[in-house]
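Naming follows writing order (A, B, C, D, E and F), and every chain is counted from residue 1.
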């Protein structure tokens, strides 16, 4: 059986995948600080693993992940001046996404999923895909865009079980319970639970300021409680995420039974 | 007394405003369909009026509004192919914001607020401001960015009173109760209540698809219930919005008492 | 009767305007110093009001004005470093014009007028329109470009009556008799006749120098005699301007009787 | 004695020129139709020869000419779709000028003249120079920009003697008396007087239209009377042009006696 | 002991690496056809593994590989229209390299190696690095650029032993003996020796043609003899490559004994 | 008989050349130091003269030369900070090439040769041509690209006769025997044999470093032995070059007898 990773395929196998109608998934991550206990590549790992998991159920191939994404904002990731991060300028990032999606379209893929797991990529990743697949051009190819790994994919009952009534909102849950738990599940060897801390910004307003005041981020890079993370929680979260994403792609690109709708918002 | 609108001032008056430490506000809107009953300029009107209202309390001048914003997405505004809209490419929009903010900085404004009232401008408007005021450059000027008129500004009790438990989420409330009510309050002569409809997308998933399926938008352009709008509701909403924004600018740029934090998320 | 301002229309009304063959006018101005007595928005006001006046006679709708134009040169407006001005980089300005005109074309407008009232926008505004409507693309839509409000629109006998033999040339008449008079006619409440001065550059050569020597501009920002301005003169000038522009659009876009030619040059 | 052409110099000679304070001249032309009798390079020849002539009097070196300029407009050169022309997109042209001027500045030239002889380069050539020598950067280097060969350089009495009262304006004088005569003087071997014609556009309005109607240009490419051209007229015109340009550069860059002003306008 | 892969590190570990003077290596590959037997990611694998090998000897950390490079040319890789390839536009690729290198510099890395293993990335990868580290900016950081994995790194005696007098030149050795052998050594599970073929272009001129004639590439994508590849040959080649690269980085960035020169040319 | 230089032609003659199937040649050079004895324009002279020589045998017209190319690297030309050079940013250079080639295509030329004689233009000049003539667009026009004057054009026996076994490789032969000899043949009046020197870099590694160490270039700008140059050698080299180029263009664009292949590599 061939690998789902496009990188491992020969050109003939890639051509065959496009011809038989497989979905090409482009995982998009970021490279930025995730506290003293998680690796810099965390977001890209989530995107890659989610894509790989979808490809276990549906006919899909996974293109090489974009490991670099847009630089983070202070409130939601520490900001571009936190050490360790390598962020792209959004104008460059958009063109990068556009180039790769355009090439996938050129190769004949009719089902494409762009799957981004980094808050600050949002809107930019969509726009990159939009530039590649402008609606007024011909063809039947469709590009589906998921702009968040955790938004809308985790069931409310799972959140309730984990957070009780302490849910801080997704924007704030950086390098905290969800991300730490899921990475404990996916790559335990990369998580330093001995260094984990709980932390919290002194201020978390609904606006941004440039340059960001120091109190908009934390010294550790953790934005909420990370100590409560566990592999068990990660496994539970990941099951929800994979199930939701797989169902979404199945519904939208493979014509499964019509969805009954569902909430949006990010 | 001089006008708060920078457009009405002479260069000497503008220079004086910068020198005395006034805040320069750049309202950013969009030009897109808002159903059969609201004008195309709706978002820009909100941004302009919010800026003007802030300038009634704080020492601020309002620069000419950017009337054109990023093209809308199908789910949250009808999409770029809905008739009537004039959307900018995000790459151009970012540079436009960057140019104007950079010029305000060059003129010596140390307090700048970029106030955008269009969902699809988000992240792009921030990035434009970021490019103009890169954190590693010198100077004490600060640029505050508000990326939504209605998010975080309306009190929960107001939402409860208006929507009960029928709150569809902000992304969905396009050309519906909130926008119609507020415009009835601000510019009743531009609202055609005789044409108002309730409408709803057949599907409203948490992902995007390009090209968007028809069921992602409505034929009317209204995305939710608009018939329940009223001037009274608009007045109430607007009072919340203006109070929240004014307090935010006061806190952040004029050093009012420290905030006790507050929720984020969009 | 509906407003001629596209901003006030709903998407259905805008669509109807395009379908019935109305002309869409894009006014383009600038935001720069106009002496101690005129507002910063002066050029954009001229463009907007000229568009509105054309729409009183011909079937036209007026899109939101581009309030920001190209930065001025020292000799003809004080230069980019005069306080108060907000100028765009020409490369951004061209793309902005291109984006808006392209969107008007996409909506089906077959008659488009780009009407710019700022010396330093010239060539850039044309190029923006050209990029949007490249001659070798299909379609019958035509884009007409007027690059000056006052050039070629004021009759020689009007100029003679106002200036006698003291006509300094249009490039030099910045914030002086013509502009002051016309604004006194259009927006008297924005003109501070109590602050008006006559002024003149120490040098006005036929070349440019970067950085500009101080003697290329004046301290007041007025480049010529402004004290002789009057509302009466403004009314007379405006009548010429509106008549000439309306006739031009009628001739070119609505197929009125063939012109007998006329002088050009700027 | 060394050549004034920078192209002929070694790097040591170029370095010496910069160090001793020589003026570096960048001639900018265009490559476009000039009727059935003049070569495509006409504008670039004018720019190059004017630069060389200035260098006969003043201490100047002449950089390689930019032979390609902005595409012409229909009214003033036949337009981009006239056969034979090779026009650059203005956005590229501006960057090209910027790159070359920036390099001259980097080499230490403190006196730079950008000398353009093509109507449609105007504003773009200035902007390119402006980008290279932004006024708020350090240094004492000055960049002088001349945007026209024939405007303001030919004495009124010369024009009167040649045209009497038939002066059509400079914009219209394309491939006509002035250009033909001057080229007869400078490069007689490139002028085909046996093919020369008089011609005239059916319409010459003060606005532009895209795509241009056929009556905006002529079939020959000549826009006015060319048959009256003569080498004698060319010699007379060229003497005026060289004298005016040399005096201008002397005044502005070499600090000759202060100018008494003079008219502008193009 | 910590991983040499920057992706596995936390922000604190990355910061420490920069502070202690470690070299940051950016591997740059490509994603393109490599015959019926090698995976699409081949070039990126070479770059990544070479970087990892260098980090075994020297103090270095390896940033996430750029898996997408410039599209190939017909003669040297099959060209952009060969199925399977995902190539970036060079203008985007250059900015991508520039962004990542600039971020590494911002984090304080003083020793940076950009290591590209794809023929068509050459010059573009250098220029990206150059834009990030412009020589006239301050600082002591140095960016070393290697633009080829196999050029200059394999000893002549190794080439002689493998090819005898049948050496086709590096440009032609695509998906052939060298690449197949090295991948057999590094990732045998990704090589399909059962599908391997020898192939050769019908023409291999020293110029390019656009669009490329079919005879400029082969149907298999292999450009030379691949059947003679073996793991043993790969091991031998890889030993040369790693030794040469490690010595080069040691010499240039860590100040080892001065080199005695050596040949260049690509 | 008409000139082969497009610059000398009228638009009608240029149109006729395109219609009869002539080849349009775009010579591309550079403007950079070539030691104490050769002029800055050296590379552009080679490109222009080679094009002119081809046009003596084949039906070809020569467009104006691009005199400015990409800035040189330290190892192969002295680098961008050597005095005298005027180098373009590669991103601008690519667009410039693209614009000119696109215009030649628009005029109907079906045979186009882009002939570049500057090492650091390579890949960039190809990419510019590629952007202009994208393979998936329609039409039968072909663009041939030669990226080096001396590579592959000089016969081995000629090299042997001149260099014996002292051949340093083409990259190193800057301002040395080949270039000096050929220019002595083509433009003896521009060569200062009284200033010629032999020189050699202290280090010439197979990688690049930014900023380049001083020992990567020489003080004279000559990179090898130049004193042995002679007009006789130049004549012999030029005969090879012109013969090889003419045969190549004949074979590829005019369908001469099929080539038997030949080596590549640069």
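Remarks
Keep this in mind: a contact is a pair of C-beta atoms (placed from the backbone, for glycine too) under 8 Å apart; a residue touches a chain by one contact, two chains touch by 3 or more.
Keep in mind that this is a model prediction, so the values were computed, not measured.
Shared contact partners of subunit B and subunit F do not exist in this assembly. Touching subunit A and subunit E at once is no chain at all. Although subunit E and subunit F carry the same sequence, what matters here is overlap: shared residue numbers make up over half of all numbers found at their interface. In this assembly, B is the chain whose CA centroid lies farthest from the centroid of subunit F.
With centres set at the average Cα position, the gap from subunit C to subunit F is 48 Å. Work out the mean CA point of subunit C and of subunit D, and you get 28 Å between them.
Annotation for subunit D: no residues touch 2 or more other chains. If you walk the ring beginning with subunit A and heading to subunit E next, you pass the chains as A, E, F, D, C, B.
For subunit A in complex with subunit E, the residues that touch the partner chain are 6-12, 14-15, 18, 31-41, 44, 63-65, 67-68, 82-89, 92, 95-96, 99-100, 103-104, 107, 190, 192, 195, 221. For subunit F in complex with subunit E, the touching residues are 73, 75, 79-81, 90-91, 94, 120, 122-124, 126-127, 129-130, 133, 135-136, 142-147, 151-152, 169-172, 203-212, 248, 251-252, 258-259, 261-266.
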